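Note that chain A is present in both complexes that follow, paired respectively with chain B and with chain C.
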Partner chain A sequence: MIHVKGLRYTYPDAELQTLHGLDFSVHAGEIFGLLGPSGAGKSTTQKILIGTLKQYEGSAKVLGSEIRQLGTDYYERIGVAFEFPNFYNKFTVLENLRLFRSLYKVDTINPIELLSDVGLEEARNLKVSQLSKGMKMRLNFCRSILHSPEILFLDEPTSGLDPVNAQIIKEMILKIRATGTTVIITTHNMQAAEELCDRVAFIVDGQIKLIDSPRELKLRLGTKQVRVEYRDGDRLRAKEFDLTGIGSNEHFQHILRRYPIETIHSSEATLEEIFIRVTGRSLL
Partner chain B sequence: MKRLWAAVQFDVRFQFRHGFYTVYVLVCVLYWVLLYFIPKGHKETVTMLLTFSDPSAVGLILAGGIVLLEKDQGIHASLFATPLRLQEYLLAKAISISLLSLASAWAIHGVAIGLSDNPLLFSTGVALTSSMITLLSIGVVANTQSINGFILLSQLYALPFVIPLLGLFGIVSPYLYAIIPTTGSLVLLRSAFESVSYTEIAFALLILLLGNYFVFTWARRSFSQKIFCN
Partner chain C sequence: MNKYRALLVTDTRQIMTDPMLMASLFGPLLLLAIARFFFPLLSDWFERQYQFVLTEYTDFFAAFLLLFIPLLPGSMVGLLMLDERDENMIAYYAVTPLSRVGYFRYRLFLPCLLTLLLSSAFILYSGITHLQIESLYIVALLVLEAPMIALFLVSFASNKVEGLAMTKASGLLFAGPIVAFFVPEPWTYAGAWIPTFWTTQSYLAGIAENSWHAFGWFIGGGIFQTAIIGRLLRSYLKRSD
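Here is the complex of A and B:
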C-alpha cells in the first residue's frame, strides 16, 4: 500500500535536512502509527505522503505510484484529517460537508448519514463557529471519509480532546479500518497509538529508530513480572513475581489463596517507556 | 469543469455570506449619488474612470480579503487535500469576483449613462480587468503575512496598472505605456461611448489576455510556494 525507501527532505531555504533516509512499508488494511516528539519529522513525512511536499529525495510510493508523479486525482483515493479541524466558520456543518463533497468525482457518502454515525445529526444546521472542539474533530473525521478513501491520514486525531470525545474518535477509526481502509496516524499520544495501531514507527530527528507492533514491543522490551496487591489485616501489601513459571509458584499461589487480592497486573512497559528507552528522548 | 463550477458557486456564497455584496450595493449607491452631481460634459469621463477603477478595486481588495479570511480560518490545507486543483481555485476566485465587478459596473454605467453602445466589449473589458487584478491580489496576499503587509504591498503592485489613466487625462503619450494590460481595459471601456477600431480592439484583447496569463502564472507559483510549503 505504501513503500518508502531512503526518503530525505530539506525544506526550501533550510540548511539542515529534516528527514534523513526513512525506510518503511505500510500494509493494506492496517493502522500504522508514526510516533515521535514535536519536530521529529512526523508531519513532514505525512506531508510527503499526502502529496503536499514533492521535492523529496528517495522513493515514496503509494498505491503503486511515486507520489511526486501523482496529480490531484490522488485525493480521490486518500482522505486527510489535519490536527486542527478548520472549516468555513460562517457556514453550517452541512454546508461545509456539501462543499467538500462537491469537489469529488467518485461516489460520496450522504453527509447526513455520516453526521448521524458520529452523533452530529442534530448539529447539522449549526454554524461551525458554534461547535465545540470535540464536535469539530468529529466533523473533521467525517470530511476525511466522505469519499470512502482507500488510505486515511490522521494527524493527532485525539489532540486536545476530553476522554469521551477521544473514545468516540478511536471507535470511529476502528470502524473505518474494519471496512478495509488503511489508516496512518501521526501522533505523540502514545496511549492512543497503543490502543489503535497494529504497528508503530518511532521517529526521532528525522530517522526511524524502530518499527514493530505495540504488543510485541511491550512483550520484548518490558519486564516479565506480575505485581499483586493484597490486604493483610489492616495493611496493604504488594509483591512482584517473575511471570516465568507463575503457574507453579507456591508463594504466588499461597497469596492468592490466603489473602484478599486488591489488584493484580502484569507489569509490561508502556509504549511511552519503551519509546524513551529506545530513543533516549521524551515525547514532549 | 464540475469542480470549477462547484468552487465558483461556493465563492459566490462565501462572498455573500461575508457581506461583500451588501457593501457593494452601498458602494454603487454612493457612485450614483456622485454621478448625479457631475455636470453632463464630464459624466462620460467620470463614469469611465469609475468603471475602470471599480473592478480593479473589487479585485484588489476583495480577493486579498477573501484569501486572508481563508488563511485566518486555516482552510487551505484541508481544501487542497481534496481533488481541487490550484488553478481551479484561482480561476473560481477570478470568475466569482469578475461577476460581482460586472454587476456593479453595469449598475453604475446603466444608471449614469444608460445602455452601452457595445455591451459585449464593455463587459469583456470589465471582466478581464477584474480577473487580472484579482489574481494579482492573490499573488500579493500569498507573499504577505499580515493585513497591513497586504494593504501596503497590494498598492505597490497595483501602481503600474493605473499608469494608463494618465493617457485618459492627456498627460503622457499613450505609446509610452501601451504594453501595460490596463491600456486594453481603457480601450474596451471606451467602446461603450465611442467607436473603436478593430486593430485597437484586437490589441486590447491581446494585452489583457496576456496580462491575465502572466499574473495567473505568477499567482499560482506564489501560492504554491508560500502557502503549500508552510
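Here is the complex of A and C:
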C-alpha cells in the first residue's frame, strides 16, 4: 500500500536535512503509527505521503505510484484529517460537509449518515462555531472519510480531547479500519498508539529508530515478570516472580493460597518506556 | 465544474452574511449609478453655482471611478483568502481533488470575472465613458488589477485586521489617474511605477483617438501588472508554505 525507501527531505532555505533516509512499508488494512516528539520529522513524512511536499529525494510510493508523479485524482483515494479541525465557522455542520462532499468526483457517503455514526446528527444544523472541540474533531473525522478513502491519514487524532471524546475517536478509527481502509496515524500520544496501531515506527531526528507492533515491542523489551501485591495482616506487600515456570513456582502459589491478593500485573514495558529506552528522548 | 460551483455558493453565502464584503460586491454598481445619475446633476449644480464646468473633467472622473471597480472585488477576495488562511482552510482544500492550485485558480479568477462584468457594465451604461475598441484595453488592464490587489493583501497582511488596514494603502493606486491627468510631461512619467498610471494613460490615449499610444500603454501596463502579480504570487506561496 505504501513503500518508502531512502526518503530524504530538506525544506527550502533550510541548511539541515529534516528526513535522513527513511525506509518503511505499510500494508493494506493496517493501522500504522508514526511516533515521535515534536520536530522529529513525522509531520514532514506525512506531508510527503499526502502529496503536499513533492521535492523529496528517494522513493515514496503510495497505491503503486510515486507520489511526486500523482495528480489531483490521488485525493479521490486518500483522506486527511489534520490536528486542528478547521471549518467555516459561520456555516452549519451540514453545510460544511456538503461543501467538501461536492469537491469529489467519486461516490460519497450521505453526510447525515456519517453524522449519525459519530453522534452528531442532532448538531447538523448548528454553526461550527457552536461546537465543542470534541464535536469538531468528530466532524473533522467525518470530513476525511466522506469519499470512503482507501488510505486515511490522521494527525494527532486525539489531541486535546477529554477521555470520552478520545474514546469515541478511537472507536471510529477501528471501525473504519474494519471496512478495509489503511490508516496512518501521526502522534506523540503513546497510549493512543498502543491501543490503536498494528505497527508503529519511532521517528527521532529524521530517522526511524525502530518499527514493530506495540505488543511485540512490549513483550520483547519488557521484563518477563509478574508482580503480585497482597495483604499480610495490616501490611501491603509486593513480590515479583519470573514468568518462566510460574505455574510450578511454589512460592508464587503459596502467596496465592495464603494471602488476600490485591493486584497481579505482568511487567511488560509501556510503549513510552520503550520509546525513551530506544531513542534516548522523551515525547514532549 | 461541480466543485467550483460549490465554492461559488459558499462565497455567495459568506458575502451575504458580511456587510463589508457585500459592500465590496455592490459598490461598483453604486459607482455606476453615481456616474449615470448623480454626475450630470452635480455638473449642472457646479455650473450654476460657481460657473465651474465640471464636464471638462469627465474623463478624469471616468478613469477614477473605473479604477475603483477592481479595487472592490480584489479587496473582497483578498479578505476572503486571509480568512481562509487564518482558518487553515487552504490546507484542507489542498488535500482534496480541488488541490491548492485549483483553489488559487478559483480565488484569482473570481475577482477577474467580477471586474470584467462590472467594468464592462460601467463602460456601457455609465454615460461618462467612450465606447470604442480601446475600451477593451482598459477592461483587460482592470481585470489584471483585481487579482493584483487580492494578492497584495494576502502577501503583506498577516491576518484579516491587517488586511483591512491595507485596503486603505491600496488607495495609493488612485495616484495613477491623478498623475496621468494633472501632471504635465515629462514629469508625469514619474508615475510609471503606479500600475494604474498605465491604465489611465491607455484610457486617455484611447479617447484622444491615438490608437497606437493606447495600445502601447496597454502592452506596457499588461507586462508591468503581470510581473507584479507573479512577484506577489511567489511571495504569497512562500508565506503560506
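Here is the rule we go by: the second predicted complex is superposed on the first by the 284 of 284 C-alpha atoms of A that agree within 3 Å, B and C clash if a C-alpha of one lies under 4 Å from a C-alpha of the other, contacts with A are read in each partner's own complex, and residues count from 1 in each chain.
Rule of thumb we're sticking to: a contact is a pair of C-beta atoms (placed from the backbone, for glycine too) under 8 Å apart; a residue touches a chain by one contact, two chains touch by 3 or more.
As the structure is a prediction and not an experimental result, all values here were calculated from the model.
Per the definitions stated earlier, placing chain B and chain C onto a shared chain A by superposition produces a clash between them. Contacts of A:Thr72 after superposition on the shared chain: both chain B and chain C are touched. In the superposition on chain A, contact is made by A:Thr52 with both chain B and chain C.
After overlaying the two complexes on the shared chain, residue contacts for A:Asn86 are found with chain B and with chain C alike.
In the superposition on chain A, no contact is made by A:Ile264 with either chain B or chain C.
Using the contact criterion defined above for the overlaid structures, shared-chain residue A:Leu99 touches chain B and also reaches chain C. By the document's definition of touching, neither partner reaches A:Leu174: not chain B, not chain C.
The residues of chain A shared by its contacts with chain B and with chain C are 12, 50, 52, 72-73, 75-76, 80, 82, 84, 86-91, 99-100, 102-105, 143. Of all the residues in chain A, the ones that touch chain C in their complex are 12, 50-52, 72-73, 75-76, 78, 80, 82, 84, 86-91, 95, 98-100, 102-105, 143. Remark: chain C residues 2-3, 5-7, 9-10, 13-14, 17, 87-89, 91-100, 102, 241 touch chain A in the complex. Interface of chain B with chain A (complex): residues 2-3, 6-7, 10, 13-14, 17-18, 73-75, 77-78, 80-85, 225, 228-229. For chain A in complex with chain B, the touching residues are 11-12, 50, 52-53, 72-73, 75-76, 80, 82, 84, 86-91, 99-100, 102-105, 143.
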